[in-house]
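Take a look at the structure below.
Letters A, B, C and D mark the chains in the order given here, with residues in each chain numbered from 1 onward.
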Amino acid sequence: MTFKNKDALCIVKDLIKTIQDNKNYLSDIDGKIGDGDHGINMNKGFTLCEKRLEGKEYSMSEGFGLLGQALLNDIGGSMGPLYGLFFDELARTSQKSEDIDANVFEKMFRSALEAVQEIGNAKKGDKTLLDTLIPSMEAYSSALSSGKDFSACLEDMKIAAEDGMQSTKDMAARIGRASRLGERSRGVLDAGATSCYLIINSIACSIQNLLKNLCN
Amino acid sequence: MTFKNKDALCIVKDLIKTIQDNKNYLSDIDGKIGDGDHGINMNKGFTLCEKRLEGKEYSMSEGFGLLGQALLNDIGGSMGPLYGLFFDELARTSQKSEDIDANVFEKMFRSALEAVQEIGNAKKGDKTLLDTLIPSMEAYSSALSSGKDFSACLEDMKIAAEDGMQSTKDMAARIGRASRLGERSRGVLDAGATSCYLIINSIACSIQNLLKNLCN
Amino acid sequence: MNRIINDPDFVVEDMLKGFIKSHNNLVEKTDNSKVLKYKNAPVGGKVGIVTGGGSGHKPAFIGYIGKNMCDAVAVGEIFSSPTAAAFYDAIKSCDAGKGVACLYGNYAGDNMNVKMAMRMAKADGIHVKTVVANDDAASAPIDEREKRRGVAGEVLMWKVGGARASQGGTLDEVIDASQKAIDNTRSVGIGTAPCTIPAVGHPNFTIKDNTMELGIGHHGEPGVSVQPIKTANEMAVQMLDIILPDLPFAAGDEVVVLLSGLGATPVMEQYIVYNKVEEVLSGKKIIIHRSYVGNYFTSLDMMGITLTLMRLDDELKELIDIPADSVGLKQL
Amino acid sequence: MNRIINDPDFVVEDMLKGFIKSHNNLVEKTDNSKVLKYKNAPVGGKVGIVTGGGSGHKPAFIGYIGKNMCDAVAVGEIFSSPTAAAFYDAIKSCDAGKGVACLYGNYAGDNMNVKMAMRMAKADGIHVKTVVANDDAASAPIDEREKRRGVAGEVLMWKVGGARASQGGTLDEVIDASQKAIDNTRSVGIGTAPCTIPAVGHPNFTIKDNTMELGIGHHGEPGVSVQPIKTANEMAVQMLDIILPDLPFAAGDEVVVLLSGLGATPVMEQYIVYNKVEEVLSGKKIIIHRSYVGNYFTSLDMMGITLTLMRLDDELKELIDIPADSVGLKQL
């Protein structure tokens, strides 16, 4: 099971739409224990990228690269470095692959995760987007090593992402703005973990559609 | 019909109570076309005077004098000069009279009115407290010259004061803060004309009671 | 009420105490608790500059006491003229024998109290002359200029008058310069949310959500129109449409622009408006010689802005450029 | 919404345009539209001072660009860290070969973006060191100081660092003085009404009428407790009760007091609080060497105040007394 890098910009476009649709939802979550701008930050970066993609032909890698650059160079905040490096790595590690298979995707995802960990210094349980990202990676990898196909691996990843996001609800934040709340940050989802779930879910669904030749 | 100056401090005390009771009412009226502080200004000055009167024996003239000084030296605003000079004149022109009769009162009131006109430069019809004050003076004087007794003169004065106040409702302000509103200041009472009615009415009622030996 | 106060009837007293403590390098109290003076006043050989007005306009009025600015200020209750006694004591406190210029705003209470104070000063042999600011172009038609309110343009009048006095000008020269300053100055305000006098405890007028009031006064006096709220750019244009034709300002004129917040409007928003003001003026070839943006003349917690333009000639330009040191205006 | 803006997504851009136009005697734009610099920067022979942070805190951060203050500032979106590229460009714009001190506040985004910017600067051979302000005593217990937010104390850190750099200090000396400044500084805030990010359009947290939030953060981060609103005097006492034992400040200490409004709180109210702060401190024999009262570090249209105390030694005292010329802090 593979898809063509050059035909897979829809992955990035679907992702942009997902973030745009959830702008207010993400800000509302952030407003509860953070400063209420997560959806705005994300929407601004993703929409900027959308404009840069407009009317041009790009591969998936190029699309991720533009998205990473928009976040890194134009958005700032926490999301600039965190998701900026994330998408930059997805781009860097896939750009030489004409066909993307389950193994390439694992490599992509792993180096993206490592970049996020390196810059942000967050661990699992800190109530950040890593609580979505790390279990997603683990689920994908173990599905892959147990011999599941690309689409099935992605399915496991989606489930793990959702569980990961939900797990942040009971956590006390240990990093970022919400960490000053300590115990009082329990009971609400983490905004970054939520956007991260939306991102993983969107990417995975888009790839599953591509694998079925259903991408629009 | 006369009353003793030295026994008539109740006139001033009743007056203070009247203003205190109408603090919010006067501010609300002022809020419609002015800056909403008329009741506050008045209450602060009159209450200050109340404190200074406390536990001491004063004549009516001394009481008016203290009231005038509180307004002039401690309150400022428009009311400081206007009512300050007004009460100052009521004091100055009565202080030598042991007994106050209808003629002394006419002299008192006339010079108080003149002081207000001199400092404020307002005319009848400008939508100010003079629209209460001038007709009140006229009503009192014509009652007096037509031979009515002190109490009856005061009765006429009270009626004229109320009519005068009501007359400001249809006027367009030509002086003070509200004058910038021009035509839009019609339809609301003038705050100063209202407080002036309350003052005249209170003084007149107190004197009428005194004349009946009913002052408390 | 989310006010940060103690007794609402004593906000002015409490504020004065804090102000004096914080700025004792610049201001000094006097025997009259409602009069503050520049610590070097009376400055020998200099005409004294006095102003005064109701409280609630921080940094006006006491924030403009200082070097090359005002020498003494009479302090009133919230939105209420100082007493005649306060104006008189302010005058006395800074008279160095060269006379005193009393530069204040056109409000009924201030007019009466200054008039009484001048009588007292005259009896003392102090020479006092006045300039009455009436820069608010929206507060009366041009042919009734004597009815117009004084608003943020007063800051520029004090700047000019204070500078002229520091140059050693005579009382007449100081008065002439100050009068010229205000005659060449026009202001207009926009309110977007009302203010609350602490002792009243609720706003004494309303500005409905999503509306704005053009031409509003510094105490919430009604303006010339209530409109659906506009963009910052449209507000800039509307305000200039009132100010520019009134003087009128013309191509080639050099001006000072003063854009002030009304108290609760973030300074960020003021710069957004200033950006458009500059654009319109430069489009009309009106040259901005100097600009001030910030909370220069406020109205408690009112939201909104005022825009003030002063047309310069050589004398006004020289005077506006002279350094100043006060809490509200420090110019190096 | 009674905001005075154009497009809510471009308030920062619009504000910057107005700011640059109004203060072109002091600041200058750079090739990066989100970086402003002191017009004389890089100043030959001087360590460059860089800061940066989210917008909405006017006059912070760009208002502290100037003489003996900051040389360049990276500008972020409302309440959002500047990009790594902006920090990097700010660093480059003011390096005169003596290195650059990056003095900023402890927020996750700023930490990450500065880290990336330092990597880029290192590749260019520019020597950069950082001090991370963490003066907000209410934001974490003392044994987790590394988690505390940087708030209004940053202004004093810039003042000290900027002065040390202007004296010709080496990068290490500037860093040491700035670190000492912030290590001796404690702040706490009280919020009385929330703020609205223009692009969100409604407050992103609530403070109920007649309540206040003690220990609130500069972006509305929840504080240590929500209480019925207190008098100004009680607020002063509560804030000092958090700050004083934390350092601790003791009898005989000389301090700088900085009392800032959060944006929509009238300066009058700030002086009322300052009055009580001074009273408590002098009761405890803590000597106020210098005080600043006003809107020094705000949070859009939030209502409330922050109180900051810095304990002085001889070096800090000398540095805090050095003149400064910036939009937000002019000291003669």
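Details
In this section, contacts are C-beta pairs under 8 Å (C-beta built on N, C-alpha and C of every residue); 3 or more make two chains touch, one makes a residue touch a chain.
None of the values given here were measured: they were computed from a predicted structure.
Here the largest set of C-beta contact pairs joins the chains C-D.
Separating the CA-averaged centres of chain C and chain D is a span of 29 Å. For this pair, chain B with chain D, the centres built from the Cα atoms lie 55 Å apart. Centre-to-centre, using mean CA coordinates, chain A is 33 Å away from chain D. Not a single residue position of chain C touches two or more of the other chains. Taken as a contact graph, with one node per protein chain and an edge wherever two chains touch, the assembly forms an open path, each chain linked only to its neighbours along a line. The list of touching chain pairs reads A-D, B-C, C-D.
Chain C makes touch with chain D in their complex at residues 1-6, 11, 14-19, 21-22, 55-56, 58-59, 190, 192-193, 207, 209-210, 212, 229, 231-233, 235, 263-276, 278, 291-293, 295, 298, 300-301, 303-305, 325, 330, 332. Those residues of chain D whose C-beta lies close enough to touch chain A in the complex are 9, 54, 76-86, 107-109, 112-113, 115-116, 139-140, 147-149, 197, 199-200, 204-205, 217, 219-222.
If you check the complex, the residues on chain B that touch chain C are 27, 30-31, 33-37, 40-41, 44, 72-82, 119-120, 175-177, 179-181, 184.
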